[in-house]
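Letters A, B, C, D and E mark the chains as written, and numbering starts fresh at 1 in each.
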Amino acid sequence: MNAALQPAGGADGAPILNLQNVESSYGPIKAIRGVSLQVRRGEVATVLGSNGAGKTTILKTISGIIDPRKGSVQFCGQDITAHDPAAIVRRGLSHVPEGREVFPLLSVRDNLLMGAYTRGDRDAVARDIETVYGYFPILAERKDQDAGLLSGGQQQMLAISRALMAAPTLILLDEPSLGLSPRLTKEIFEIVVRINRERGTTILLVEQNANMALNASDYGYVLENGRIVMEDRCAVLREKDDIKEFYLGMKEDSVRGERRWKKKKTWR
Amino acid sequence: MQFLQLLVSGLSQGCIYGLIALGFVLIYKATETVSFAQGELMMLGAFCGLVLMKLLGMPFWIAVVASIAAMALFGVLLERVVIRPILGQPAFSVVMLTIGIGYVLRGLVTMIPGFGTDTHALPVPYKDEAVQLGPLVLAAEQLAVIAATAVLCVLLYAMFRYTRLGVAMQASSQNQLAAYYMGIPVQRLNGLAWGLAAAVAAVAGLLLAPITFVHANMGFIGLKAFPAAVVGGFGSLPGAIVGGLVIGVIESLSGFYLPEGFKDTAAYIVVLLMLMVKPNGLFGERLVKKV
Amino acid sequence: MRFLFKTSYEQDIRLAKHGGHVLWYALLCLALLAAPWVAPEYWVAQLTFVLIYGIAGLGLMLLAGFTGQFSLGHAAFLGVGAYTQAVLTGMGWPFALVLACSAGLSAAVGVVVGLPALRLKGIYLGIATLAFGFIVEEVFARWESVTGGNSGKAVLPPQIAGHALESTEAFYFLCLGLAVVCTLGIVNLLRAPTGRAFVAIRDSEISAQSMGIHLAYYKTLSFALSAALAGIAGALYAHKMQFISPDQFSILQSIDLLLMIVIGGLGSVHGAFLGAAFLILMPQLIALGKDALPEAIGQAPGLQAVVYGLVLIGFVLFEPMGLYGRWLKIRTWLQLFPFYRKGLFKRQKTFQKSDRLK
Amino acid sequence: MSGDVLLEARNLSVRFGGLLAVNDVSFDVRRGEVFTLIGPNGAGKTTVFNLISRIYTPTSGSIAYAAPHGGLLALTAQPAHRVAGLGIARTFQNIELFEHASVLHNLLIGRHTRRETGLWADLLFTPRARAAEVRAREKAEEIIDFLQLQHYRDTLVAGLPYGVRKVVELARALCTEPQLLLLDEPSSGLNVEETDDMAFWIQDIRDELGITVLMVEHDMSLVSRVSDRVLAMNQGQVLASGTPREVQTHPGVVEAYLGTIDDVSSLRRPNDGSRKQEVRA
Amino acid sequence: QASQGVTKDTITLGSIQDMSGPLAGFGKQVRMGMLLRVDEANEQGGVNGRKLELKVEDSGYDPKRAVLAAQKLVNQDKIFMMVGHIGTAQNLAAMPVQFSKNVINFFPVTAAREMYEPFHKLKYSFAATYYDQIRLEAPKLIKEKNAQKVCTIYQDDEFGLEVMRGGEAALKAMGREYTEKTTFKRGATDFSSQVAKMKAAGCDFVVLGTIIRETIGTIGEARKTGFNPTFLGSSAAYTDLIHKLGGKAMDGLYAAMTVQHPYLDESSQPIRFWANKYKTKFNEDPTVFSVYGYSAIDSFIKAAQKAGPQLSTDSFIKAMDTMVLEPDMFGSPTMTFGPQKRLGNDLSRLSQLQDGRWHVVSDYAKN
């Protein structure tokens, strides 16, 4: 990214996560090309982008599931590019993957305990389990059931709770509201914001519900075709016309309405 | 009386199957692959003990401990060198890999000049001792197998059920990706599982040696342990033992009461019948996919 | 890379996708037809074995590679075919009829095995077929009045139109013809709804079912077809060997078959034949290499097993797509020649997910 | 059951162990409408779908269905693989595609119930099989054009982004030429723009293809745009039913399901807008 | 008419051994025994001036691979003769390949009747069959021990069946039959139910259709359960491994045999010398299988010398038509061959395990 796009005042908040020119691909297909982004300690950042833009790929590259072709990833000032995913988690980064990925044949409780695998302190873990049971009472109700038998939304709650169990310094959230009821979607974001405020946990959020994401986050990036095309404070992004139209769905009916005519995005 | 003696023989033979099946189940639970090399690891363990005792002249117990340790190390190395590179590939690849490993191990042992092609007896202190229980006779070798099987089963069961490590192994076998996301060192746990499996195999090999002798093809008994594991339910440790006992007893009884030929196929007939009635074995989990 | 401009749906369906294909397959056919005149008899015999194993491999490929059902007892089907052939030929029946019976009986046995397979998955199915293999082997050994038991059974040469087909060359052409027919059948199947149903079952049973695919029918069908091919291969095998005994159809034979399709390349029709060629050629290569090695290694018993194992391990580790996969890479490399990029075939990290739930 | 009712569920209940996942649910779906199930997570919506597509068998209750060739059918007496042939297609909440096949191939598998040839014709690839194959491809291409999947036709499903997979699943379901389409959360994982497309498609599916749609959905804007009627469930029971407006304003639904949704700005930080923050240790 | 495999100064011989399968131990020993004799012959200038060349292939005790190996040896390596091929099924599978190219199957290492029956001009066998061993030796022992109930346990394959049938024939001649018959599968490790069965039947004489581990397993199980009949095995059980592995419990076992086991400290001087020569050359103790290999080549040399410089398949057969092989140092019986007689001798003798060592306890009987 060129310097002009650097956020104002970016220099003094210490970036906890720093991606420089990262390029990742699946076989011959390049999924992200030269992505640079920073997340500062204690902030909530979000990445917006349409289908297949490469959001998930960015998160996977950060947590070491994909090795980038080029570029570097730094976490807490240390290089973690292409490290073993487990080692990265142990540094305090936890990832809520796209599509839930629970352990289907373990009980809900064991799933949560696995979330806390990197932690040694049993008492603190037990306390945290109670906390997440507080967030999602249904999990407490089903604590001995196999996670694979939960409904889609319940699994999503479990996936989020499991990541919280690691008491991380940075959480990567990939579409946390996927398949959650409107009420729970809102609650999830409240929890995210609360964790960020109360524990100071840094959060990098990928979300299709841009309205929620832009309201809950401090800073946003817009990704198109594997490139970052726009970045700014969320307050600013919320006011941009393109964002309004393509991500927030606020449009004059005359523009699109019943006619299926797609307006070109101006930044392409 | 006759029946009782047959039952006892069947049970002790069943314990042998169970003991080998434990190794299968262990690998299956921790990595969700089926190791066809388990029998060969057992053979290697027995040869290891043999070399330590006969060639290096170690005392029995030290040799036993040393060969279990050596085999554990070997299992870890094996995982590191050949299995880890394909970690994450479909389970079937690993199955083929273990078949390959089995071939290589058997071949390599056979290649040792003047040693590998021969059958050997392992000098154990309890050789030729028998316990008389009223009119029943039980060889000390068989008692050793029964005892070791029970102990190993309890230990492994406790590990998978109650320790964080054991649960994490199961977690990584169910969903490797998620296990990485949780910071579970999947590779290291896999190594550990293979190490454990090799150690269990070594125990089995050493215990079996006085009964079947040590030779390059002794691992083929593993083919009988598969049905044992399946009858019990492949993912279940107590199931492996129960399955082993069921098969041992049925073999023993059918050898006596049924026409010739049934003893040798009893294990396979039982496993087919069992699978028709209970497709997941006696103690296997009922698996439903929720969509 | 070759770009094809498609102008009709026919083009998608056609077997030879472009002129190059036609040329290469024509050349292959010519070479195979000319073989008896140019190759020494010994090699023609080996080629015959390749064809026979290729047919069996095709069957197993259909089952394992395309339907995702693993069979550890496939030698049993081979055996059923071989014994049927031996017995009926011995009774003086004509070859074509006998072959049909062998294939049919094998298929029927395949259906019987396929039935428990309906409820079984993964390792459970593997063990069920393994158990079945052992039982069939025992039947061969015990049913002495028909099979000759463990003493084995001599097999007469095939009788076609009153002639006994005794020469290596004639039998080679017979096998070649059958191999071509079988391959065409399978290839046809795979580009039609039936073949697609198999592939669907391999990938996801639950959604195959919701697409209206009758799991029981197609799984059984796959077993039956696979067994029928194994039966045909077994029949030819019996004639080629001229002597069959139960231990020729043991678990080791089953594992050989499996090994063959893995080395050939799981999920490709070419793979079946490449794997067969490999399986037959391998011992020859070892025998050749043996003399070059120092006596202590070259003459050591067990060398063959070690080499087998190492080759298998090597393939799984470095070329999971088997020989066919390797060939694809070489071809792509040639086609792209100066522009080939190194990372093109770089393997990604992959992550295993439990297939206990499928 | 009156003439325009396509599917009639009566007093459905399902029990899993101690859990009553669906409890005495009745509803009917009329021909040519979009009928939506909503409800909190774990309410039993997907379970209802699974009952209709015969993955589960109800503990009690019945489902009657007007089969395409006339006649009323007790759906619960049909084997699972027959359901697609009866003109009921579905998508899955967690996406169940054939991962190792291309998009086109997935769609062709969707044509299975419409196959015209048997085993022998396939083996010999008779001219009839060839013609049938061409027709199957024509139909698949039609759907590809309809859902604008041309770009992905030959890519393997395994490498597709989440949103595209959702569309492929829809396409595959359409390939069976159903008269009733079950969509489980069609818009989850789609952004606003894509949800928009989905809404148009659903309307077209109903209006142009004449297919009745039964869907589960959490995006209320989509629900109100396309649904004719809505049924709200909670804890396995029917909570409310009626037009989208009626259901959305039902107090029970608001309480259990919608929450007070509009007020998202409460999430914002008090000092939003500044990136300078106290750096916590 | 000239035959393949014979040139001006070489004779190429082929052999197929199990080098990787269940009998790899024996296969290896046969090969070394053969090599020893080949080297001796070549040191002494060969056979009629022709050096011997031995090609050995591995069958892994698998008939299919035996066929492939035979095809290679016959069609590619162009061997003159197949010598000492191990295994019954393997020989049966390979013979058609050889016979189609007029290659003799000479002295295969298996004691099955099919090695000379039905008659074929290219078959020559040296080993008294398992069938004859038991048929001829069992009656004497049964009478000597005054056994009332004769039983058998045998391996459920071609080998075991032959042993069982030999006993059956012997009993039939005595107007009796087996009291109990039990079987086991190759590779079995547990014999408890079989032994229980025989014990329950009150057997006092057991014919063993067993090889090594099964022999030990059966006798061990019997001793453990206090069941002590007379055990008689075939020549397959006549190996030093029985007492090396089975220990004291094996004492008392009888086995039919012909050539003697070459102990390194054997009292007979020629055997001792031979055994030590073998040991020096291969750094392994010789066994009866080494002797089989050695003798097979030795007999070939004798016949080839007799056939004269114009060595061909026909001249070899002609020489064999009047061949008499005198007993060698290992105590094999005199073997005679003729145009229709393709088995050297059907006689054997008995050895018994006493104090952990085989002792010959009877001589070849005339019957």
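Assume a contact is a pair of C-beta atoms (placed from the backbone, for glycine too) under 8 Å apart; a residue touches a chain by one contact, two chains touch by 3 or more.
Molecules present, by chain and UniProt name: A, D = ABC transporter ATP-binding protein; B, C = Branched-chain amino acid ABC transporter permease.
Treat the numbers as computed from the prediction; the structure is a model and nothing was measured.
Enquirer: In how few steps can one go from chain A to chain D if every step must land on a touching chain?
Expert: Minimum number of steps from chain A to chain D: 1.
Enquirer: Tell me which chain's centre, taken as the mean of its C-alpha atoms, is farthest from chain A.
Expert: Max centre-to-centre separation from chain A belongs to E.
Enquirer: Give, as an integer number of Å, the spacing between the C-alpha centres of chain D and chain B.
Expert: Centre separation, chain B to chain D: 47 Å.
Enquirer: Based only on mean CA positions, could you tell me how far chain A sits from chain B in angstrom?
Expert: The answer is 44 Å.
Enquirer: From the C-alpha centre of chain C to that of chain E, how far is it in Å?
Expert: Using C-alpha averages as centres, the distance is 38 Å.
Enquirer: Could you put a whole-Å number on the gap between the CA centroids of chain D and chain E?
Expert: Taking the mean C-alpha position of each chain, the two centres sit 74 Å apart.
Enquirer: What positions in chain B touch 2 or more of the other chains?
Expert: In chain B, residues 107, 110, 113, 117, 174-175, 177, 180, 216, 261, 264, 285, 287-289, 291 touch at least two other chains, as defined above.
Enquirer: Going through chain A residue by residue, note those that touch at least 2 other chains and give them in order.
Expert: 26, 65, 104-105, 148-150
Enquirer: Residues of chain E touching 2+ other chains?
Expert: 20, 24, 28, 156
Enquirer: Return all touching chain pairs.
Expert: Every pair of chains meeting the touch criterion: A-B, A-C, A-D, B-C, B-D, B-E, C-D, C-E.
Enquirer: Hey, which residues of chain B end up touching chain D in the complex?
Expert: Touching chain D: residues 291 of chain B.
Enquirer: Show me the residue ranges of chain C that touch chain A in the complex, using the header's touch definition.
Expert: Listed in rising order, the residues are 341, 343-346, 348-349, 351, 354, 356-357.
Enquirer: In the complex of these two chains, what residues of chain C are touching chain D?
Expert: The contact residues of chain C facing chain D are 9-10, 12-13, 185, 188-189, 191-197, 199-200, 202-204, 206-215, 221.
Enquirer: Going by the contact rule set out above, which residues of chain B touch chain E in the complex?
Expert: My answer: residues 2, 5-6, 9-10, 13, 16, 107, 110, 113-114, 117-121, 127-128, 130, 137, 139, 211-213, 215-217, 220-221, 251-256, 260-261, 263-264.
Enquirer: Considering the complex alone, what residue numbers of chain A touch chain C?
Expert: 25-28, 65-67, 69, 104-105, 148
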